Each structure stands twice: as structure tokens, then as C-alpha cells.
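In order of appearance the chains are A, B, C and D, and numbering begins at 1 in each one.
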Amino acid sequence: MHTISTPQEATQALAKRRAWHWLEVVFWLAAAASVFLLPSQHSLLTQIAIWSLFAISLDLILGYAGIVSLGHAAYFGFGAYVAALFAINYTGEPVTGLAVAAVASGLLGLVTSLLVLRGSDLTRLMVTLGIALVMYELANQMSWLTGGADGLTGMPVDPVLGVLPISFRPLNAYGYVLAVLFVLFVVARRIVHSPFGMSLRAIKGNPLRASQIGVPNNLRLIAVYSIAAAYAGIAGALLAQTTPVVSLTYIDFQRSADVLLMLIIGGTGYLYGGIIGSALFLIAQKFIGNVTPQYWEFWIGFALVVIALFARDRGVFSIFERLRNIVGGKTKP
Amino acid sequence: MGEILRIENLRAGYGEAVVLPDLSLTLEAGQSLALLGRNGMGKTTLVNSIIGVTRRFGGKIILDGKDITALRPDQRALAGIGWVPQERNIFKSLTVTENLTAVATDGKWNVERVFQLFPRLAERRFNLGNQLSGGEQQMLALGRALVLNPKLLLLDEPLEGLAPIIVDELLAAFRRIIRDEKLSAILVEQNAQKILGVTDRAAILERGVIVHEAASSELRKQPEVLEGYLGVGKAKRT
Amino acid sequence: MNALETIHLEKRFGGIVPTSDVNLVVREGARHALIGPNGAGKTTLINLLTGVLKPSKGRIKLGGEDITVLKPHQRVARGISRTFQINQVFGELSPLESIVFAIGEREHLGTRFWRGFGSDDAIVAEAVAIAKQFGLSDVLTAQTASLPYGKQRQLEIALAIAGKPRVLLLDEPAAGVPEAERHEILEIVAALPQDVTVLLIEHDMDIVFGFADRISVLVEGKLFVEGEPKEIENDPRVRAVYLGERADG
Amino acid sequence: MLTILFDGIAYGMLLFVISCGLAVTLGLMNFVNLAHGAFAILGGYCAYALVNLYGVPFFASLPVAFLFAAMIGLLAERTLYVHFYNRSHLEQVLFTIGLVFMVSALVDYFMGSQQRFINLPPYLQGRFDFFGIGIGKYRLLIIFICALILLVLQLILGHTRFGSRLRAAVDDQRVARGLGINVNWVFALTFAVGCGLAGLGGALGAEILSLEPHFPLKFMIYFLIVVSVGGTSSITGPFLASILLGIGDVAGKYYAPRYGGFVIYTIMIVVLVLRPQGLFARGQSK
């Protein structure tokens, strides 16, 4: 620790926190290389990229703003259905579909955030869970629109921007999903390193002090909740575009719980946690889940208990903790 | 008789804040101590540290020859401490009788004796804790500490915010318990004059440090000392 | 000109009235202390002034403007800052980040989501200056939670000052600070800019009489006496409140 | 119509017996225990195994189910839950969801994934007609047992020393400790009884609530609704909420099968947003 006496030093210290670390550059180069180097794993990698985006979306509200959600799949599923219906009724161009899904889910987030703001952590848990359940029931009951329990099929997927066909082309599809993930990651990274992002961390850390500094806490939380919902909607839309059917499993509790788990495994509050967590989760699921579904369920439950027990001591996950400090621009304790 | 309480180099506070930096204190069995000082000086923190609901950074607390430093609050209470907390904290969803029976242990103080001491409580025995007046709550808080049959009584601002007539009634009860029955006690007060007539000794606390200790009777004769530590203004410097 | 004024301010919780018909006037540029025994309602009053609590009755005026119905952050924007009895700092952030953040919010830049945090040179320069003033230069990049309580206390006050308040409410600034670090806090309080109106709650009479030019005594939720330090010091009623003598004796 | 009311009451009573333990953990100890349903199926499967596999009489299996779930509850509380009392709600959620997954997987592994029915003695089967109301004998038994439990709970809470110590601990934990009440032990015992009641409810409700490995997750939201709508300041709140939810759910499935769940969840959200303390909670906040 050294004394800072000039504004230049302070500016440098702050700029260093925002700067890209070489590990991050290596990470994204490796991700880009995986498009060409791992052709046999493209479907798994596509899944990882989509879940990563979904987990990043949850990280924005949980890791940065401190809003615990047990129903984040509501926005994921809503985005997926909107993208599918939009493609069926208007155009099958994927990027347009993503934009529409983002706007729709973002609006849903905006409206529902008014419910989520109220009350304690516990109320938030229940309300987010309730929102997802209501969305599930709606999708289930409005089968004339959503296909209900049978799912929604027949969604056309045209070439991306009219040039890059992704239907039945795993390599192209993965490239497309990865590109979307990268762009949205960069955007999220900018947001969390901005004054707005800092105000979220401040609200999470000490809402009382934040409000006495003049931060309109609720407005900021509404904003980030809507952004996160839009992100989740895009993730849902991506899954819809890369799988043949949009079904109720897009919204169910299992999905909300899984994404929370992925994020917790990878660590909250530095954006990469969602990516690392979903990669570990899906790879483990591929191997362990092959044995029997119960086997997988047991071990995932076990992992949760262990993480919860030791998360605070940061024993098992100290590697990610250190990573977070390096690339997340966090102040070292 | 020997020592009933011995505090050695206690360092305590809340969270990260240290309120008592290094406090030592002894109390002989059968004696009573008035703990004086303006508010914010650490009196309540000291009492709370004896019962064990603060954060302890260091030091030792010995009750009647037994080291209770490592004990939980409930174990300390059963080891012989009767606590009358600052805000009285009557259990609001329990009746007057239940407030007593919930914590009572065998001994010479039982529910009936408390009702004898405070007949007003007996009249209200079926009322819930939150239906009592401030004075009745204070009587109940004292009774609740007594039915634990403690060796040491801790009274934290027991006269705060009470009407004069109630104050007199309580003071009479303190006199009976502390003077006549020789129960060791620590009495925290801001209003020194009221309680110096009840206690044997007095200690003045300033910023977590005992700055003056004397016999109560002596201190009563020295209003300028009291004024210096407890009053407003800078009398002690002039 | 009055910096801060309460008019028949009252707060009730059920049957308890922690603030009862308080008419407090704090003049512009004053060093005003609020004293009183435990449970007199001092912190409740601060919470009413800052909007943490809503009054049951009465009005609050800041520089002549009625702010009774404004939300906490709106009051801050109009010039009220406060410190808390127990530190309320951002433990996960560094002092540098905290102060830069506080200044940025004062300038209403908190909604900028596309600029880098700390890329505004003027703000960083001001933050460094405040840090120097509050003796935080040597710990600026450390994690706040790891700092000693006294340093956090200094940051607590620095954060309130970073908002460039017209009225600063200090709730027991020296509470919980170890003796060794105490004098730094006192120096800081003494050196606060003269154009800032200060309302101080304090039990330590050394601080009160060394600092205040006007004192209000609060007893059982009511304004009991108000006056110059000398008047208060020699007022037998005030002495009675603290020492327990009868007011007439 | 009245038959639906009757079935709804039976259903609600069951929900109450299972959830009342959660009201204690959530309301009194401020612990988000999403795994509460896991103790219900432990009791349920315990009774199933005893009756169907070992031929134990149905009525004898009920107390065993209670004790089994209570013992496991006590064990879990002392070894695991105790580490989470002062943790954040998020950590409590992760931990208890993890428990749910583990219990579901274990039950699935040992008992199979299909729904299980406990063999009822013949005299408990069927319905009889009572002034035009079709009364299921088994449901009548459920109502009877649950009402008995409610009565016993009220008596214990209101008229025993343990009851007053528990209420004291809930009113003011810190002072209760300082006055010699071993709050940890009081809570542990209460937790165990809550788990035991969940187990008993699971055994009684095997028929009505469908006993299968994923029961805890499916019904989690129902238990949470009971507690959050009913509030946690008394046991009458959750009781009323259970009965309303039971009747609402049964009637909803009968009259508007398409929108039953939708309506219930929406009501829950509205209640939570308007009255975070619960619909039947006492007006004051802390």
C-alpha cells in the first residue's frame, strides 16, 4: 500500500482497475480459437455460451446489485417465446429476433422490477419465484400461442444478417452465439466499470449510506434489473434459435436454480464467474449426468451444500476468488 | 465474604468499535456499586459485557471465583447473574406471570415473592407484557432478574423515564434488596443523586475508562466532582 | 437566514413520542450542538431531518424550502449530508473509490453507464484533495473494511463532506474511536469549512463546548432549553437533567 | 359444492401441519428453509415402507413417521443448519436447495421415482353421505388429526414453560439469552418438532398430495405461500392461510382448472408486495 498524493496517481490507480488484464485477452482468444479447434464439441460449447450469457445476466443483479432471484428463468423463457413467435410471424432473421426479445424481456423486467424492489431478501426471493411461476402457468395455459406442454416448434431460422446460415451448421451457430456473448460481455463489462456500475456496488454494500450520498437507489435497481432481464431474454432467444423447440422447461424452476448454481460455482461480481461456472457445470453434467439422472441430482445438491458451507471461508473456491480480484478490478482485501 | 465479581483488563465493544479499551473492576460480595457517567461513555457496554452480549476483544470476567469468560450469556445467567436490561425488554407476547415463570429457577425468590414486593404486578398478572406501563415494566424486569436467584444483580438505568412516584417505589425496592438482603449489585445511572443513597460504592466512567472511584457517601458530599464528570460545562478544568 | 428549521415536528411510534413539537432553528453557518440524556430523541430527530423516518406531524425547512415530503436522496441533492453514529461506509470499496463515487453522485453523473469510473479528472482531483484533508492519503487504495475503525470514521466524515453540503449533521463523530485516534477526528471536526452549517450530536462535553456556538438541549423528545454555551453551562435546569437534582433545588 | 369445501379443508389442514414448522424456522429464526418439504417426504416414505413393506398397522406408522422426521431434523439442525443461522439468505437458499436435491435423489434411488400410495385399512376407504355432502372417511380422519395437532400446539405454546420460553426467545433473542434461556436448544427442539410435524403431514398426505421424490420442490411454493401469506407472528395466521389455500386450490382445480395455479401465485405476489409481513400478521412491525 502506498500513499497517493497526486490526482495523476489516483487516476492511474482507478484506470488500472478498468483496464483489460492479459488473462482476459488470452481467455477470449482461446474462446475464439475453440470455434475452429474443437469441432466435435460445438453443441456443448454453444450450450455453455448461452448459459454463460444467462449467468452474466444474473450476475448483473446478484453480484453487482445484490438482488437475490429464484425466478430469473422468467425473462429467459419470455425472450425465447417472443423470439420464436416473432420469427414465425414476421422474420426469421436471428439478430432482429434477439433485439425484439431483448426489448420485450427488458420491458417485462421493468414492469416486474416494481414488485421486486419491495421488501427484504426473503420477499424478493418469493416474488421472483412467484413471477417465474406465473409466467410458467401463463405459457402452459396459453397453448394456442405457445404450444403449451408440447412446446413451440416450426420456428424459422434464417441466415444471420442474411449472410451466415446457422440452421444445422454447428460451427456457424457456435460462432454466432459466441460473437453475441462477446459483444454483450463487453457491454456488461463497460457498464459495471462505469459510475452507474459503481453506484450498484455501493447500493449493494450499504444502501443506507448510498441513499445518504444522494443515490436514488430504487431507480438504479430498476435500471439494472431491466438490463439484466433484457440479457436473459437474449440468452433465451439464442437457445430458441439454436434448438428446434421452445418448451416450458425454458421457464421452469430447475432452470432458475441451475443458473444460480452456475453463477455461485464460478463466483459472483466479476462477470467471468458466470462463464466459468456454466462451463464447469455443463461439462460435469455431461459426464456425471450420463450415469443416471439421480446421480447427477445428488451430486449437484451435494455441491450446493458444500459451496454454501464453505463459500464464506473461500476455501474450495479460492482460485476463482483470486481471479475475481485480478480481472474484476476489485480492491484487494 | 470475598469477591463476587472480578473484571480483568476487559476490552470490549460492538462490531469493530472498541468502547471499553481496558477495564478492570472488582466487587465484594454483598456490596453494591453505582456506575455513573454521561451517556455514550460505556456504562451499558460494561453491563452488557458482563452478561456477555457484546463483542469481547480481550480480558477476563470472574464471577464468585469462577471464570465465566468463555460461557454463553444463558450460561452466565444461570451461573448467577440477574440482568435488568436498559430498555427493560419485557417479553411482549408473554403475560406478567409467564415473564417470570419462563426464566425462574429454584431459590428464595419466586413468583409469589415478586408479587409481594410489587403488588401492582400481582394485579396485572394476566396482562401481556406490551400492555404494561413503563413503571410496571420496570418492576417486572426487576422481578424477572430476581427469580433467577442471582448472586449479582445488574441494573441498567432502571429509573430512566419514570414518574417520580414510581421512582420512589423502585428505590425503596432496591434498598430492600440491596441494603437489607445484601444482594450484590451494579446499578447504572445517569442521575447520580438518585441512587447514591442506595449503593455502597460508586465509579464514574468516561470514554470507557473508570476515572473516579469512591464510597457513595463520600461522593455525595462532593457535588463538584459529580458536576465535573457528569454535568455540562467544563467545571472540572476550572 | 435559517439553514434548517423544524416547525412543530412530531414523531409517534404507537404510544411513544420520541419527537414532540420540536421547533428547532439552526442559523446559516452555525456550529450547533444537540445534547440531552439517553432516549431524548436526538437520533430520531436526525433521522427525521434526513428523511430516513417520516414525521407524524410538522414541517422541515431547508434554507426556507419545505423538504418535509422529499425522499432521502432528494434532500441530499438539496444540501443535507450526515454521518452516522455507527460507521456506514462501503466496506468492499476503497476509500478512493468511495470518495470519487460520492463526488460523482453529487454532480449527478451516476447514471452514466458508458464512461469509465474515475475517468473524470476534475472529480478525481477533488477526491484526492478531500482525502488529504481527512488524512486518508496513505490508505486510499486499501479495502475500506480492512482499515482501523478510526480511519473508517475519517472516511465516514469525508463521504459526507464530499457531497458539499450546506448543512452537515454529525451524529457522535467520536463514538467508538479509540483514544489514540481521537484527536484526528476532533481536528477534522474543528477544521470543517466555515460556510457549512453544522448540527452536532455529542455526549462528550469537551467536544461540545470546544466546538459549538449554540446548544440545544433535548429532553424526552422536547426541546428543553436553547442558548449560548455559557448560558447552557450555567443553567440549573440543564444541570438537573444530567445530575438528577430537582430543577428547583 | 360443500364436498369441495370439505376436501379443501382437509387439504388445507394437511398443508398447515406440514408448513407450521416452516413458520417457526422462517418467522422465528429468520431462516429460509426451502428444504422443509424434504422432511415431509422422509416421513411419508417412512410410513410407506412400514405399512406397505413391513405390514405395520397404519396408525402405528404415524408416530414413527413423526419421530423419524424429527430425529433427522434434529440431527440436520445440530450438524448443518446451525452453521447457517447468521448467514445471508442467499447462502441459506443455496444450502437448502442443495439438501432438497440430495434428498430427492436419494429417495429416487432407494424408493423409485413413481408415486407411492400407503395401503389404508379398509375402514378408512370410501365416502359416506352426510346431508348431501360426500365425506371421504380418510379426509375426515385427516381433519380430525390435524385439528388435534392444532389444539395441542396451541396448548404447548400457550400453557407450558417451554412454550413461554419459545415465545420469549422469539420476542427478544438477546435478552432471552441474557436471562438464562438456552435459545439454541429451544430453537433446535422447535425445529425438530416442526420437522416431525412435516413428516407426519407427509405420511398422512401421501394419498392426497402425491408422494414422490420431487414432492419437496413441487410443494415448496405452497409451504412458502402459507407462511408468507399467513405471516409468522402466530400459528393462527398460517392456519387460516392454509385453509384458504387448500379450499382455493381444490375449488380452483374443480371450477377453473386452467387458471388455478395462476390465480394462487398472483395472489401471493400481490400479498407480498402490499403486506410483506403477511396478510394475517399483526399490524405492527418490529
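One rule holds in what follows: a contact is a pair of C-beta atoms (placed from the backbone, for glycine too) under 8 Å apart; a residue touches a chain by one contact, two chains touch by 3 or more.
Since we're looking at a predicted model, the values are computed, not measured.
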Intersection of the contact lists for chain B and chain C: none
Farthest-lying chain, centroid of Cα atoms versus that of chain D: C
Contact-richer chain pair (by C-beta pairs counted) among A-D and A-C: A-C
CA centroid of chain A to CA centroid of chain B, Å: 55
Whole-Å gap between the CA centroids of chain A and chain D: 34
Rounded Å distance between chain A and chain C, as computed from the means of their C-alpha atoms: 41
Gap in Å, rounded to a whole number, between the CA centres of chain D and chain C: 49
Chain contact graph, described as a line, ring, star, complete graph or other shape: ring
Full enumeration of touching chain pairs: A-C, A-D, B-C, B-D
For the chain D and chain A complex, residues of the former touching the latter: 26, 32, 80, 83-84, 87-95, 97-106, 108-109, 113, 217, 221, 224, 228, 258-259, 261-262, 265-266, 268-269, 272-273, 276
Of chain A, residues touching chain D in the complex: 62, 68, 70, 115, 118-123, 125-127, 129-131, 133-134, 137-138, 141, 253, 257, 260-261, 264, 294-298, 300-309, 311-312
Contacting residues of chain C [partner chain A, same complex]: 50, 52, 71-73, 76-77, 81-82, 84, 88-94, 96-98, 100-102, 104-106, 109-119, 121, 124-125, 127-128, 131-132, 137-146, 159-160, 162-163
Touching residues (chain side chain A, partner chain C) in the complex: 1-7, 9-11, 13-15, 17-18, 190-191, 193-199, 201-202, 205-206, 208-209, 211-217, 220, 223, 330-333
In the complex, chain B residues that touch chain C: 13-19, 21, 38-41, 157, 160-161, 189-194, 207, 226-227, 230-234
